[in-house]
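Okay, handing you the structure first.
Order of writing sets the labels: A, B, C and D. Residues in every chain begin at 1.
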Amino acid sequence: MIGGGKDAFIGAVHRLALNMDGLIELSCGALSINPEIAKDSGISLFLPEDRIYLNYEDMIKKESQMPEDKRIDFVTIVTPNFAHFAPAIMALDHGFNVVIEKPMTFTLDEAKQLQQKVEETGLSLCLTHTYSGYPMVKQAKAMIADGKFGKIRKVWVEYPQGWLSKLSEREGNAQAAWRTDPKKSGKAGAMGDIGTHAWHLAEYITGLKVTKLCADLNALVEGRALDDDGNVLLRFDNGAAGCLMASQVAAGEENALKIRVYGEEGGIEWAQHEPNTLLVKWLGKPTEIYRAGQAYLSDVARSNCRTPGGHPEGYLEAFGNIYKNFALSLIAKLKGEEPTAAMQDYPRVEEGVRGMAFIDAVVASGQSEQKWTDFVV
Amino acid sequence: MIGGGKDAFIGAVHRLALNMDGLIELSCGALSINPEIAKDSGISLFLPEDRIYLNYEDMIKKESQMPEDKRIDFVTIVTPNFAHFAPAIMALDHGFNVVIEKPMTFTLDEAKQLQQKVEETGLSLCLTHTYSGYPMVKQAKAMIADGKFGKIRKVWVEYPQGWLSKLSEREGNAQAAWRTDPKKSGKAGAMGDIGTHAWHLAEYITGLKVTKLCADLNALVEGRALDDDGNVLLRFDNGAAGCLMASQVAAGEENALKIRVYGEEGGIEWAQHEPNTLLVKWLGKPTEIYRAGQAYLSDVARSNCRTPGGHPEGYLEAFGNIYKNFALSLIAKLKGEEPTAAMQDYPRVEEGVRGMAFIDAVVASGQSEQKWTDFVV
Amino acid sequence: MIGGGKDAFIGAVHRLALNMDGLIELSCGALSINPEIAKDSGISLFLPEDRIYLNYEDMIKKESQMPEDKRIDFVTIVTPNFAHFAPAIMALDHGFNVVIEKPMTFTLDEAKQLQQKVEETGLSLCLTHTYSGYPMVKQAKAMIADGKFGKIRKVWVEYPQGWLSKLSEREGNAQAAWRTDPKKSGKAGAMGDIGTHAWHLAEYITGLKVTKLCADLNALVEGRALDDDGNVLLRFDNGAAGCLMASQVAAGEENALKIRVYGEEGGIEWAQHEPNTLLVKWLGKPTEIYRAGQAYLSDVARSNCRTPGGHPEGYLEAFGNIYKNFALSLIAKLKGEEPTAAMQDYPRVEEGVRGMAFIDAVVASGQSEQKWTDFVV
Amino acid sequence: MIGGGKDAFIGAVHRLALNMDGLIELSCGALSINPEIAKDSGISLFLPEDRIYLNYEDMIKKESQMPEDKRIDFVTIVTPNFAHFAPAIMALDHGFNVVIEKPMTFTLDEAKQLQQKVEETGLSLCLTHTYSGYPMVKQAKAMIADGKFGKIRKVWVEYPQGWLSKLSEREGNAQAAWRTDPKKSGKAGAMGDIGTHAWHLAEYITGLKVTKLCADLNALVEGRALDDDGNVLLRFDNGAAGCLMASQVAAGEENALKIRVYGEEGGIEWAQHEPNTLLVKWLGKPTEIYRAGQAYLSDVARSNCRTPGGHPEGYLEAFGNIYKNFALSLIAKLKGEEPTAAMQDYPRVEEGVRGMAFIDAVVASGQSEQKWTDFVV
């Protein structure tokens, strides 16, 4: 693991997730650019002392020199956005597969280089768009792909958070500080941090691609350098209309990602706050409440559940599903087998490139006087 | 009552609403342009035969010649949009106050003429933006006006319906037919029918005014003449950002009007499907569930409740509140008293004019390549 | 109307309900035993002065001497429980049909006498068990009667309120005072006031009859003379098991009547706080959300709706349905026609007798050391 | 681990839970009485071959002979109820701490012997009453203990499941088979399986003890040997009244454990299906929605959360909390330190004894003609 020391949020989540199914073991780490934090974090995670590294270059070099049965199979990168690219390229160059936090890189150009590197090396890259790991998201995707609702006409995806309602970046909140700093976060704030999750969920569930958009980005808290809020009109490749709303100044909201999709015959509604429920709506018939763990779900949804109906699973399990599928995929490859479609159901480098293109398009549109800006990769 | 014969939806609702509190009695009607329907409808409503009129001109003329203590105090107009203006003007000219369905007129120009007529005559005009009649909407308005949440930053209002998911206007659905016909409905479809409700609710609750907008209007059902769906970016006069979504092709939805408003310290969420509940959100504190009928509510919310907490009120009661406040206001005026602010809490001609301007701006924006279109009256 | 003066709660509710559909007009009243309140209340309700009576004896006598086309068709009795019987008997004796608040009488013996009188006179008596007026309650009843869920095995009905959490009867709360006074309320407190509603709903929805019960009644607020809380085990005539919980000291609850019924294949859940929704549960299939106003509902449910789906109806409309069906039934009888089954769908004297027997059984069981007490009429 | 082979449900859950926080490693197992299943299960869990045992006696003996730094620290017993006692006693006798599924033993007598053994050996026993591991359950407990609601008056706890609505034990469902077999499950069916969870939750959250009860137990599916349903009236040691409902024939329900507690000033409501939410109700004030992961929670609730607000945790995390606290407690003891109160917050042998006494009392009451049966340990 690169990054994710004691003071970080997402690193700990990655560790809980990768550890969940007994398929992956954390073996080494370059956990912080601060040597003391790096060491302390490594010790508290029971890492062997000689595999606690003080920088990622050391880690990748030394691990690549270990015997095959001892060295790591992949690298997880959980540093701030600006520090994703270099370790990812280096890891791939040294033969390691890569798991990486979203947004994948700092710029679209880096993303494309990374994609090229992945293609060249034939290695795997997994992007942790966590929300696509929920079983009921997969159920929604399966029903839409099966044509249960006819042609998709309308997509609403929203992601309100409230935690940046104050100018917390000036009050010693480290999380807030890097995420609102263009030098660390990139050209987008809320749109990069959570807007990309919302966009990804919309494309993942519907199987459609955004072709153009119209963004209204705002820094609603005075003094903030990046957008903390935005509404985006969307157009999809089948002609469907959409709207994406993301805000980090929706005071009183937690992490309320929600998506609604409507087709000719009905649609779906899924909210991350109650992730084990999928509302399935029908024209002229009662809405149905689909529930995780039930036998009537699609195969893909069921295989991403760990417990029977009524035993709620959550964010860590969804995150764990990304790692589990990635791990099963790697294990198959190591055995010389072809991973199944189910194993390959994790976000990949192509989605990382599109995510960076989304940020580019959204920021360009936010600055444009024209209504529509093309979404091009 | 003008319009609202047996085959109409909203006329029956008006009658239930005006009848609710024993303040208003339906005394006469020109209930349909079809003489047979007009007569039958009048008889089934127990109207005296000599006050069942075959057209509104007759009704207004004859009623105005009756002795003061027998003749009607106001006229309710529930015809399709294109037939609002003429009877409204004539009623005012003959000394009758007017209640009118929204959108107020067919064009903005008519709306402005009507406003002038109201001002000239000193009579009252009430526009039935029903949703502003709900007590918990009034509670939200009161808390925002009191500054409980600080400056308002963000408004999300949505109004999904599914009933136009098929091309029902071609299948003998009379409601669908006139609402999707530009000659009867005006230049907007869904935006005129329900978008105006959503816009009105946003301005009513926040006390803010929309200054510019960016609309994406769509006819998502092939062959439809008017928009059946739209997403609109909003900017308010205090700088707040907003998003308005309205759709009549959200298959499986009923009438799911919902609004969320966020300020610096918290915000509110209200959904018409559960109208007796108002969620009040706070930065860093638990969300509170405010409930209709409770003693802790503001005076204005309480005075618009008829039952104690836990005895749900609904759409008819909200509609009844519009009529009740309007009636109390008229009664006060008839007694030569000044109506209180609470009595005057019903939508008025100014809001009708703004509503028509909203339609104009939204349609203009929908056709524009420019991102922003000014909202001007 | 007998009782229901300005200081009463339920009288005003009755007036809103009976007025709703334009079928019934309040024509006279003996609205209070306090002459001043009786007069003031009558005036504020626009009653003609000569039909504002100071006691019910006068009212019934004088009304019965009026010409048939002027005099009232029925009497509504909304006095405290102890004062139901005498005016009901007198009204029937003078040829008036009767609407009466529940519990029907003060004692089971009175109830039986009243039943005999109703049978003798051939007149109609309607008992306002309001909650049976909700359309979704009727939908549940219809589905169970249709055998959709197989044999019914289990019934849970609960009715928590919190308004008697303090000893309010000693603090000038008039409502609390008579309801907790055995001389006015009868031998039961919460069980008479709300337990009877819960019991009635269970029998109404399931079509089953309670045959024995085991009650634990409590006065949980110190100093209270009657039960303010109780849990009751139930056994039904088909062998189904049940549990009824009622409390008026569930601090923080409003009026949260809720029922769940389970059969072999599924069941239903309905909560009065969201009355337009009925959850329909199925073994091994997704739960369905049935909604008021929808075309897929049973005829009886649809005919008790006034608005289309998504336009919430509430408590007053449910109350209005009781009155509407009663009125339609009377109108048919006055025309010499047989009322339809739908018209006769209002609670009747038999249910009033059973309600009094329920109170007797529950109180007897509460005092018994034996587990089971028979429910006998 | 003893029991929990490939065909078992709860064994897999235990493994996910104990693995969660990186504090515990599964090192050996006697996973089935079927040697083949035992071996296969061990291999698929990556256990070293020499630590895959074919019976628990072997396992305990051999492990106890290993060097201290290699041998296990505790034994987890996840066999059917009748096979808990012997391995637990043997493990304690050989110096191993014990984690055990509920109900703790087959009889109350065994439970008392086990308690004595725990006391004699000074070792720790942890009982996996999972639902007490949820952070919002701990929040409720903390608020009640702090006296926020005054004296507790009323407790309602319910646990409906539907999975035994058919006679599945005759259709090859292994889970159903042993749970409905008195020889394997004990004298109670649903009451032992889920009624004990409901009872435990009630005592855990309120800090009160049940002193007497009145049970109505039923086998609602014809041909079933043990109760599959029951309603139980409760009395607590402070005089509070209660009701416990448990059913495994509530067709269409999943695992819908829910508790409501009311005191003089308000109360709480918590449902396992949405475990990250705690409703906090107040007399005369709006209900509050407390949410997991928020800074305003009590220390004990916060320390049992792994993710920030809005990142839902579930059943496995609650289960993991039981293991985590138990593990932290053992680690402290191994270091010679006194475990903190927070570490000791896991269900213990005393609760196991009370759980068996609850089963005894409930079954005795179910067979009694008397209303009340004392709950004695």
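By definition in this document, a residue touches a chain if its C-beta (ideal position, glycine included) is under 8 Å from a C-beta of that chain, and two chains touch if they have at least 3 such contacts.
Note that the coordinates shown come from a computational prediction; the quantities given were computed from them, not determined experimentally.
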| item | value |
| --- | --- |
| Label of the chain whose CA centroid is most distant from the centroid of subunit D | B |
| C-D or B-C - the one linked by more C-beta pairs in contact | C-D |
| Whole-Å separation of chain centres (CA-atom averages), subunit C against subunit D | 43 |
| Averaged-CA centre spacing for the pair subunit C and subunit A, given as whole angstrom | 55 |
| Approximate Å spacing (C-alpha centroids) for the pair subunit B, subunit C | 35 |
| Subunit A: positions in contact with at least two other chains | 253, 287, 291 |
| Residues of subunit D touching subunit C in the complex | 149, 153-154, 156, 158, 160, 162, 165-166, 214, 216, 218, 220, 229, 231, 233, 235, 241-243, 245, 247, 249-253, 260, 262-267, 281-283, 287, 368-372 |
| Footprint of subunit D on subunit B - complex, ascending | 280, 284-291, 294-296 |
| Subunit A-facing residues of subunit D, complex | 9, 12-13, 15-16, 19-22, 45-46, 161, 253-256, 272-276, 291, 293, 306-317 |
